[in-house]
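Presented sequentially are two complexes of chain A, the first with chain B as partner and the second with chain C.
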Partner chain A sequence: MDWSILIAQATVNGLIVGLLYLLMAIGFTLVFGVMRMVNFAHGEFYMLGAFGAYFLTTTLGISFLPALAITFAGAVVFGAAVEWSILKPFRHDELNGMIATIGLAMILQNLALMFFGPDPVSMPSIARGATRLGQIAIPTARIYVVIFALAVLCALYIFLKKSKPGRALRAVVEDFEIASIQGIRSKVYYPLGFGIGVGLAAAAGALMAPLFSVSPFVGAAPLLKAFMVVILGGLGSIPGAAVAGLALGLVESYSSLFLSTSTADMLIFLIVIVMLIVRPKGLLGQGEV
Partner chain B sequence: MSTVSTSGAKNPACAILGLIILAALVVFPWFSGPFVLHLAVLTAINIIVVNGLALISRSGQLSLGHAAFMAVGAYVAVILGQRFGLPFFLTSVVGIIASMVVALVLGWIILRLRGVYFVLVTFAFGELVRLVLLDFTDITGGANGITSIAAAEIFGFKFDSRASMYALCAAVALLTTWMLKRLFNRPIGHAIDSVAVNPALAESTGLSVHRLQVFSFVIGCGLAGLGSVLQAHYIGYISPETYNTSISVGLIVMLVIGGRNSVWGPLVGAIVLTPLPELFRGAVQTQHIFYGAALILILRFLPGGLSSLPGVLRKLTGKEAA
Partner chain C sequence: MHIKALAAALALALPLSATAQEAETLKIGALVTLSGAGASWGQGMKNAAEIAADEVNAQGGLDINGKKYKVQVVAYDDKYQANEAVTVANRLVFEDKVKYIIGPVGSAPVLAIQPITEKNGVIVITLGFTDKALDKDKKFTFRPNVTTVEVAEPQITWLVKSQGLKKVGALFPNDETGHQIAKDLAEAYKKAGADLAATEFFERDRVDFVPLLTRILSKGVDAIELDGNSPTTAGLIVKQAREIGFTGKIIRTGGPATQEIINVAGPDSTEGMFVHTPVNPDLPSTKAYADAYAAKYKHPMNGFSPAFYDGTKLLFEAMKRAGTVTDTEAIAKEMEQIKDFPGALGNLNWTGQEVYGSNHQLNAPFYVAEVIDGKEVIRATCTVSGCE
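On to the complex of A and B.
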């Protein structure tokens, strides 16, 4: 096999996985930025998103794109409701907020276990066949996933940069006190920020559902990756999460050419530790260590 | 910070009542069936491990990789014992020291950073240790773990029955609790508490936040190693899944429900939560949902945990009387 093809293939795979990490990490870092809360339930929202897409497409027979939109919207509403009803007393209380989300994660995962059972289900692929780009073969389903993921990211970018609530949300992330002096109402933006953050996790879950199997346990791995990404990219930094997410996906994909999966995971942990020693702010973080 | 111990000191009757209840709890498993005795051993081991977590928590940090340090201690001790036939006492000491050394290296690096990074890295470290244990099959036995671990033996006395093992574990559990109580009555204990409450102020009064947190982390992880060495020699079997993240989370649940700010918290948490799975037998999901809900409710309405309940109740009744 030709090395250049192998590497090109690994690049494509790395970018796809990187997009997943990116979506997870941006949601995670957004929630942290808004509420100063490490959301341990983030992986469970990924899992719920995957189940949402699975049931909408297989049971209700809705096609994938509307299913993705419904899952995202549902997760935003559900996330906002959870924030408002359960997490409200823990805003800006890093330690207790974190423990509360651990409790939330336990509840969500075990409810999923009760209702959906422990056995993994697999969702039918959203497209058949492979697309050839020169000599590289990519399953068409993966191309769709990449396009949809990029669409979600574009929508998020436009929302955060151009729309009024998006700009208000960024102001809250930047500095909560000054934002509230400017008349931005925390009553609205805490649930909204949390909802959009976990909505992104659910969208990642829905996008990955056709590629991987779906079970109540699928949230753990993406959560761990989101942790790695935000440490590398700097906690609270959205551009940092984007760069580090793609980089992590690529590193994983390339290292899988030479190393076993667990060796690659150990290597990434070492990179994270070295990063913490050398540049604790993260790639694009702005202080606050 | 109102603790049972300080309020008890003001009221000797309360302290005596507390001691009588504690003594009754310690003694009663010997006079009940083997199953209760088994639960009592597990409870005592959990008290030791959660005591370690409590010490870390008192310095203002939350470790999500506590089970990983249990794994380091137990694996080192068991492998030394089985491969080289070294005696239990020696392997235990080496195992505990191994936990502490790993904690020292990791803690030195990550405790310079804000608390959140500590949590994320300890969580990732827990996964890493699990991977290493699974991967180095030649040494660790991989996913199969290590079986037929000999019973603990100190100076020729074998702790091979439940009753004798309970005696050992209960003694160690009470000893570690007493040591923590002593620690927090001393200046260094107050220094650790002050670091948790206000690190900037502690630093400006000349305390080294970094050193105190590393100290707490190292000792706390040493206690994790101590508890897990006892556990390994009691159960006779260890595997990577004995020490996965859900174990770390379970320990945090015990600590928070028992009470983070009192030396009695780990004791109360372990005693209440260790036997609880027996109530939910065959309904693990219900049990975990209950844990999650209890965690959130305790944080919301009783942040001091169950061990702060007497103080809170006394305050309430006191107010009514006044």
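On to the complex of A and C.
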């Protein structure tokens, strides 16, 4: 293989992975935008989404798309219920709220450990083999995942831009006080925002489940990536998360092509640190944090 | 004074006379991992010791010079952690007063408890894969399972020859274990006449291997080696290598994890994969043990379990030969001398003088299997000296 093909291959790999990071990070940043709170349980909702999709497809025999929809809807409801029942007292107490989410993460992970056991399970791939574009090989399963991820993102975009509750939610993200003055009820939008945020994490988990394996421990790595994307893009900024997610995927892919993998991992953290020093509010952040 | 001395003498004599009439109890410690990631291995080791104990107890106890001992297994969980292992080792040695320990599972835990066990003459039968576990000064530690040091070379030589491998690629976790295995494998492949041409190191929590595999495949390798990776990671590598269109051989020359890899990667991706396996399920003695295990514990045994059944039986044999259950120095000496012992794994001898400086490593047969329809099919039988 010559270099131009390798670079093209790395670009495709990077964009696919970046899109998956993006899905994870958008939910994370949405929750932050609404609640001003870092949700450390985000990774565990990703894990629950992966298990949800796994059981719906393998045990109940539902096909992948409806399973994804059910997982997402279930996670939105569950997330809203969690916000309403557990996080409500912390709505204006972000620091303790964050600690509550750490506790929530531990509880969810250990519950998963008790019910599903520590051994990883594998979900059958959506599709087999590779699709070739010229000499570039793309796993067919990943193409499907990308299509579904784009569909989820489009639906989110339309919801946030066009629908009334979506616009209200954006208003809450942008400025909570002004939004309240305009008559937007926080009673509804706190649980809704949190629910949609973790719903997106669960959707990311469901989408990644057939690509990777499913176990109670799968949530940690995507949480870290989401964190990095959100720091790079600016906490609470959805367009920032989009740009940073794709950029992180590409940087990872190129750097692991040209450098050794451990150097590549170091480089990513270096970029995050430089970003924090040079531009702490992130690429497109509002700088109020 | 007299009364005191008499009382002391009585206190000493009483428990002795009380126990002399019935069978005495011989305690064996099982210091294994019973929770978390290594639990399936630890469970298999504890159960192996229990099955061996049940067998002698069914005959009225272990017969040492005409005296019968009931064998009791005392199990503790080390959670696969060195500090936890030290805590429970102290408990076993100083409170339960055991002289024999089955375990631990991990390398770090065994190295951590050896200062206690070696100093107090406690015989340890461990799984720990580190080459530092056995040493000419560690007189009381034995290992009944073959490790990468024993299995890598004969298997690689056989695979390179029979499959015509030339260029091999491999991915390893970026830590001490990973780098050590990478070095060992590179030498083994070189000796066998092939080239470990592409190696990549990654952080342990990584799940996306497509970029790394792209790099490896661009070097034109005809096989991928999975040794050194955890079962889940190995499964992900297999799955993703097949997804980006790799059609060459996939090999795992160490660490039995076939079922876990198939679980993660699916039976299609693993078809034709060559794996190391420490047991031949068709061997009559192994089958008898597997059946006894399944009957008692209602789930299939782990691949390491028969080695620890054999290890416990070897320990009993050494006690009989030494004619004592307390003089562990004599027992350890007798243990080393056992030759051609018929175990569940087959014909057993000790080896390791060249590598470790002491013959405390069991030389049990092991196998290269090919995965067909999600099942292991034995292709070659190996010993430390070679495969055929």
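Going forward, the second predicted complex is superposed on the first by the 283 of 289 C-alpha atoms of A that agree within 3 Å, B and C clash if a C-alpha of one lies under 4 Å from a C-alpha of the other, contacts with A are read in each partner's own complex, and residues count from 1 in each chain.
Here is the rule we go by: a contact is a pair of C-beta atoms (placed from the backbone, for glycine too) under 8 Å apart; a residue touches a chain by one contact, two chains touch by 3 or more.
Bear in mind that the values here come from a model prediction, so they are computed numbers and not experimental data.
Using the touch definition from the top, say if A:262 reaches chain B (first), chain C (second), both or neither.
Both: A:262 reaches chain B and chain C.
With the two structures laid over each other on chain A, which partner does A:15 touch: chain B (first), chain C (second), both, or neither?
Neither partner.
Pick one for A:252: touches chain B only (first), chain C only (second), both, or neither.
second
If you stack the two complexes on chain A, which partner ends up touching A:122: first (chain B), second (chain C), both, or neither?
second
Considering only the touch criterion stated at the top, classify A:73 as touching first (chain B), second (chain C), both, or neither.
neither
Which chain A residues come up in both lists, the one for chain B and the one for chain C?
Looking at chain A, the two contact sets intersect at 220, 260, 262, 265.
Show me the residue ranges of chain B that touch chain A in the complex, using the header's touch definition.
60, 62, 109-110, 112-117, 119-121, 123-125, 127-128, 131-132, 134-135, 245, 249, 252-253, 256, 284-286, 288-289, 291-296, 299-300, 303
Which residues, counting only chain C, touch chain A once they are in their complex?
Chain C reaches chain A through residues 36-37, 39-40, 174, 200-203, 205-208, 210-212, 214-215, 217-218, 231-232, 235-236, 239-240, 243-245, 260, 263-266, 268.
Any idea which chain A residues touch chain B in the complex?
32, 38, 86, 89-90, 94-96, 98-100, 102-107, 109-111, 113-114, 220, 224, 227-228, 230-231, 235, 260, 262-263, 265-266, 269, 272-273, 276-277, 280, 288-289
Okay, in this complex, where on chain A does chain C touch?
Residues in contact with chain C: 1, 6, 9-10, 13-14, 17, 118-122, 124-125, 128-130, 132, 137-142, 211-213, 215, 218, 220-221, 252-253, 256-257, 260-262, 265.
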